[in-house]
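What follows is chain A paired twice: with chain B in the first complex and chain C in the second.
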Partner chain A sequence: MATTHSDSETLGGESVEDFDESEQSVEARVGWRYTLSQVREDPTAFGGFLVIVAAAVVAVVTTIDAVVFEFLAQYQVFAQFGVEKYWLAKTVWMSPVQESADTTALLPPVGIENAYGQGTWAHPLGTDDRGRDILLRLIYGTRIAIMVGVLATAIGLVGGMVVGAVSGYYGGWVDDVLMRLAETLYAIPFLVLVLAFIAAFGRSITFAMIGVGVASIPKFARLIRSRVVSVREDEYVEAAKAAGVRDRNIILRHVIPNSFAPVLVQATLQVGTAIIIIAGLSFLGFGIQPPTPSWGQMLSVSRDHMIADPWFSIWPGLCILVTVVAFNMFGDGLRDALDPRLDN
Partner chain B sequence: MSDPLLRVDDLQVQFFTEDGVVRAVDGISFDVHEGELVGLVGESGAGKSVAVSAIMRLIESPGKIVGGRIEFDGETLVEVETGPDGDPYRTEATMPDGELRERIRGREIAIIFQDPMESLNPVFTVGGQLREFIELNRDFSEREAREEAVSMLREVGIPEPEARYGDYPHQFSGGMRQRVLIAMALACEPSLIIADEPTTALDVTVEAQILDLVEDLQDRYGTSFVWVTHDMGVVAEICDRVNVMYLGEIVEQAPVDDLFYETKHPYTAALLDSVPRPDQTVEELNPIKGVMPEAIDPPSGCRFHTRCPEAREACTTTNPDCREVGFGDPPHRAACIKHDAFDAAYSGSPPLDAAAQQGFDVSLSGGETDD
Partner chain C sequence: MSLIRYSTRRVLQAVPVLLGVVAITFALINAAPGNPVDIMLGPSPNQAAVETLKAKYGLDQPIHIRFWKYLVNLVQLDMGRSIYYDAPVTAKIAQRLPATLLLMGSSFAFAIAAAVPLGVVSAQRRNKPTDHLTRVVSLVGVSTPSFWIGLVLILVFSFHLGVLPATNLVMPWAPPSAVAGASTRLGVLVVAGEHLLLPMLSLGTLQMAAITRIERSSMLEVLSDDYVRLARAYGVKERTILRKHAFRNAQLPVITIIGLQLTTAIGGAVLTETVFEINGMGRLIVSSISRQDFPLVMGTTLVFAFVFVVGVILTDISYAYVDPRVSYGDQE
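The block that comes next holds the complex of A and B.
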């Protein structure tokens, strides 16, 4: 027992700070700071976390360059300073969507020689079939992967949370109807469902993203429901009911926060899955449309050159691999940090 | 006497389980007057908690209030009657759900739960939860509610309330958390607080502090209490009047002193016998024999006759209601046919034990019941 607080005020012989340390270490697993400190102690999870942070920074910067600057370029005030789409990339280096004037297509990476010439430092990872710099296109493809992965997961998470929480909290016929619906969705193969969604609404990255999000709702709904069913029996929920709190607020403020830990882990892992699915859709031609750079679409284009110039497909494949593994490692670490039963 | 603040009249709660209907609360009636602290005592499973949950209509499926009437401050919280088809239905006098939630729960009646460890949400700060309850029930702005929360924490004896305001529940000890829950109940200045075994999970020194605190606060705010407990010591300490429950029924109802010194029901007597008393030295405690029967299949006649040392043959056939058996105001009621108020053939009936010894077939006469 901690004796450092012996000077703290006591009341009727009971020490205020007198709580069990071991109990704290279990129950304190609710704070963000604590969770992150746990993750930091886990080298694989922390590695994954760093990769995610790096990718997120790249994604934000490139989004500003591609989307925000394009928007600002419409206005004279900004345009006269030379603001345009890919302004940053062009100023520093070159355009990610247009062929460089002085390069050949399918130039290999530095230090390798192929039928088209010798790799140069001007294009460290080589050029693609239209002479565009691969490194730059990979950097700009991060934006799509991260944004689409996170947004698709967010759609699934929010939708699943609403469905699962309502289903678990109310029980009875509401539960039956919602869960049977979720299981029906679950029975259809994931990719088929997403393709059907795109077929119905149109071939664009937005619908691909929404499709992946909607298709992952059942997974989240079932997960959160299983937690809610036990949390709703907790006494603080009944206490809130007895205090006249509305059902909606009980669900939002008491039930969901206490059911959230496993969902957070699932969401992190789901981002990885969503990135793969979206890349797969782009590969099939249903996702992002050229010339916007995306990893999946780069992979798709590289198919014809896979034997002769394998590096062309290796780079985007590697990017997808590293990002997805990073999300999975972070998700595993998060699970260890949030699971009160694992005492590491 | 003036109209009671809370009047529970013939309340019946049943749980419809797969094994059959459990009659958890079977027709209990009691009053709580303004400023009074009324005890509800009984063994585990007697239906105490169900009875108080029913007051706030917190009974959840498969449980259901199937009869009776609960009146609070002149308003009908619930009134259930049996329709012509035999199904119970809520009458029009019953307060709508929304109104009950908005006006009664938290504002007029607050409840303190048994387990202080579980009754606070672990993911929010103690102060934040207290503030939320105050904001919700007293129409305060966020800043006013915060100030009120801090002053409530000070009121219930939390040292350095400003500093403790931002702490999480796990950083409080059990006694401190119970103080927080009391603060939460009091914060909305209700007229009635239902305390469902609030000190059971605490050790005795902390329990004593909490009881002192409650008495002190009750003096100051004049709040009425319904105090659920199984501890006769707590009853003696704080209650004004006591209801003793056994298997879903109230068996004795009396002012606290009468209950202890002029015990009228064998069950109450047995309860008092089974706890150590400072004024008596005994070799061994005398616990009540056997366990309480299941409420799904209660014994015929008087429900306590299977364990009652004074049971006679007549007890197996007559289930007595709670009648006035003593003089005084407030009245002393008991549900035992050994008293003259019951016109049952108790004195002429042979004792159950003796009957068994003499070879009488008890089950024959037990077959006809009025239940």
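The block that comes next holds the complex of A and C.
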């Protein structure tokens, strides 16, 4: 197939070009370029990638609007320009969290033609039970989903990397202790572990996020350990050892980069899982607290308004679905690109 | 014989894991900032009342002694008393566990029954419309939160069409006199089935999608193996190859996934029970967290972990049973 051909071409070209820069990064970078070119040729994976990028852009813009503007509003200079929290949202629409009398006034009385839930030009997806624009709240919910999903995964990834690398590289009793611990954490069902974590430390999105991150450490640790164990025996690691490179540097510079490919796939898929779990926690009331908009919490509120406004329970779920599908499509594409053995 | 020995070994291996689970949960719960007695007595409690309550729940002793006592009691199936219900934790759990097991069991049955044929057909007709459809369905299935599927099902079947009930799960073993709309055993089963259908679909879709994906890729891998190609070269019919040669060998990864899916299924059950207002373990853990009823949180967590560990052991044993290559750890 054409893939094998482009493989050798990319490998040859890149390694000659970058050879004198730094030896240890060459192999990893070649892998990266090659992988990305593979992903671009896969329409499903690329579609997923585009959706992720779009969601990330939305998340960044809304974060600026909600967090950065609030911060800037403290300073007189910026206040002159009318900068305040949700300035952007208020200019285009009404604030996603505002619950004052004027927004309630916008809520048309139930029974007339545009009862809540029905779209008008001003509110394409209608307004919720408190007269807040649903579309705007969905857009601002993206911020929480992406941010919390990525951060939770990052916690799991970094924690898992440390535990897995140390465990796999040193072996012996360190390995035994760490892996028994991982096994034990693994034996508690994921959501239940997160719930126990929240029960202990309190219900807030921060603890929910840390809980999801910590609960995913065993998964990453086991994956990384298994990679490290196989990399450890490779000749270049032995060469580095013989040359007197310190253990920490061998792990950081050789072992981790060469074990990273499957970990990246797992991390991409894990972001999707984390988004679902955190939406579930918000749905149960343990995640994001109102009035900050999040998809899970919107679904939880919509349960009480299902008869009045059926579409209110549809939209947030669709948002979760689209985002998670995107992460899964991209993750699957990455896996296919990194594993030439499977071609589907 | 060796299978029995393997099973025993597997069960014994689980003991330290479960012990570790108890230790971790105990540590987590005791790391909690508020102490249950303060919560019960409010802001400015009477000192004598505090002492009595602390003694009642054993909180006046150092943590390692409490842990030891908890273990000793646990072995005797005593998990302490629930603060909110003022009843033994085990009694509460025994009351709630059947609904959860019924929900999970039925959703797994649905998932396996739907996923195995879907995966096989999809692999057999690779890159044909059936395959594409199955892949899209399974991708969407693994990406959808189970509680949202539940909400949509309620919207469509309970509110819009009005054909299936959304709440009040009925146990199939309930006496007919206790069930509205049923006068016979069969009637109870029908009513229970109606009530179970939506929660089962809501929880089972994720499992179904995940198993379908593994079944498909596993079948594809086996179908490209040398012995299958040899069988084709000999002119063996495709149906026979599928049924006699490929299917059995493709089931091993599927069995593993079924065991591991239990962890997501338990998480899904917590949410599904909330959506359908089923009084199972899931709602129990959620409400006891809200009430800061720590003995109950601890008990439910342990039972969930126990269910998961038992499930994984069962899949391991069935794996060993199906795959003759698995060494039972005897000598070689």
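Following the convention adopted for this analysis, the second predicted complex is superposed on the first by the 287 of 344 C-alpha atoms of A that agree within 3 Å, B and C clash if a C-alpha of one lies under 4 Å from a C-alpha of the other, contacts with A are read in each partner's own complex, and residues count from 1 in each chain.
In the analysis below, contacts are C-beta pairs under 8 Å (C-beta built on N, C-alpha and C of every residue); 3 or more make two chains touch, one makes a residue touch a chain.
Every value quoted in this text rests on a predicted model; they were computed, and no experiment measured them.
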| Looking at the overlay, what does A:S313 touch: chain B (first), chain C (second), both, or neither? | second
| Comparing the two partners chain B and chain C, which touches a greater set of residues in chain A | C
| message | Per the contact definition in the header, classify A:I251: touching chain B only (first), chain C only (second), both, or neither. | response | neither
| query | Does chain B (first) or chain C (second) touch A:K241, or do both, or does neither? | reply | first
| Partner chain in contact with A:T184 - chain B first, chain C second, else both or neither | second
| said: Just to be sure I read the superposition right, which of the two partners does A:V150 touch: chain B = first, chain C = second, or both, or neither? | reply: neither
| Touched partner set for A:V192, first chain B, second chain C, both or neither | second
| query | Now for A:V265: first (chain B), second (chain C), both, or neither, which partner does it touch? | reply | neither
| field | First (chain B), second (chain C), both or neither touched by A:F286 | value | second
| Taking the contacts chain A makes with chain B in one complex and with chain C in the other, which residues are shared? | none
| task | Provide the residue numbers of chain A that touch chain C in the complex, in ascending order. | result | 180-181, 183-185, 187-193, 195-203, 272, 276-277, 279-280, 283-286, 296, 299, 302-303, 306-307, 310, 313-314, 316-317, 320-321, 324-325, 327-329, 332, 342, 344
| query | Can you list the residues on chain A that touch chain B in the complex? | reply | 8-16, 18-19, 23-24, 27-28, 30-31, 171-172, 234-236, 238-246, 253-254, 257-258
| task | Show which residues of chain B lie in contact with chain A when the two form their complex. | result | 56, 58, 61, 101-102, 104-107, 110-111, 113-115, 118-124, 132-133, 136-137, 157-160, 164, 168, 170-173, 175-176, 181, 184, 188, 205-206, 209
| Parts of chain C lying in touch with chain A, wherever the complex brings them together | 16-18, 20-21, 23-25, 28-29, 31-33, 126, 139-140, 142-145, 147-148, 151-152, 154-155, 159-160, 217, 220-221, 262-264, 266-267, 270-271, 274-275, 285-286, 289-290, 292, 294, 297-298, 300-301, 304-305, 308-309, 312
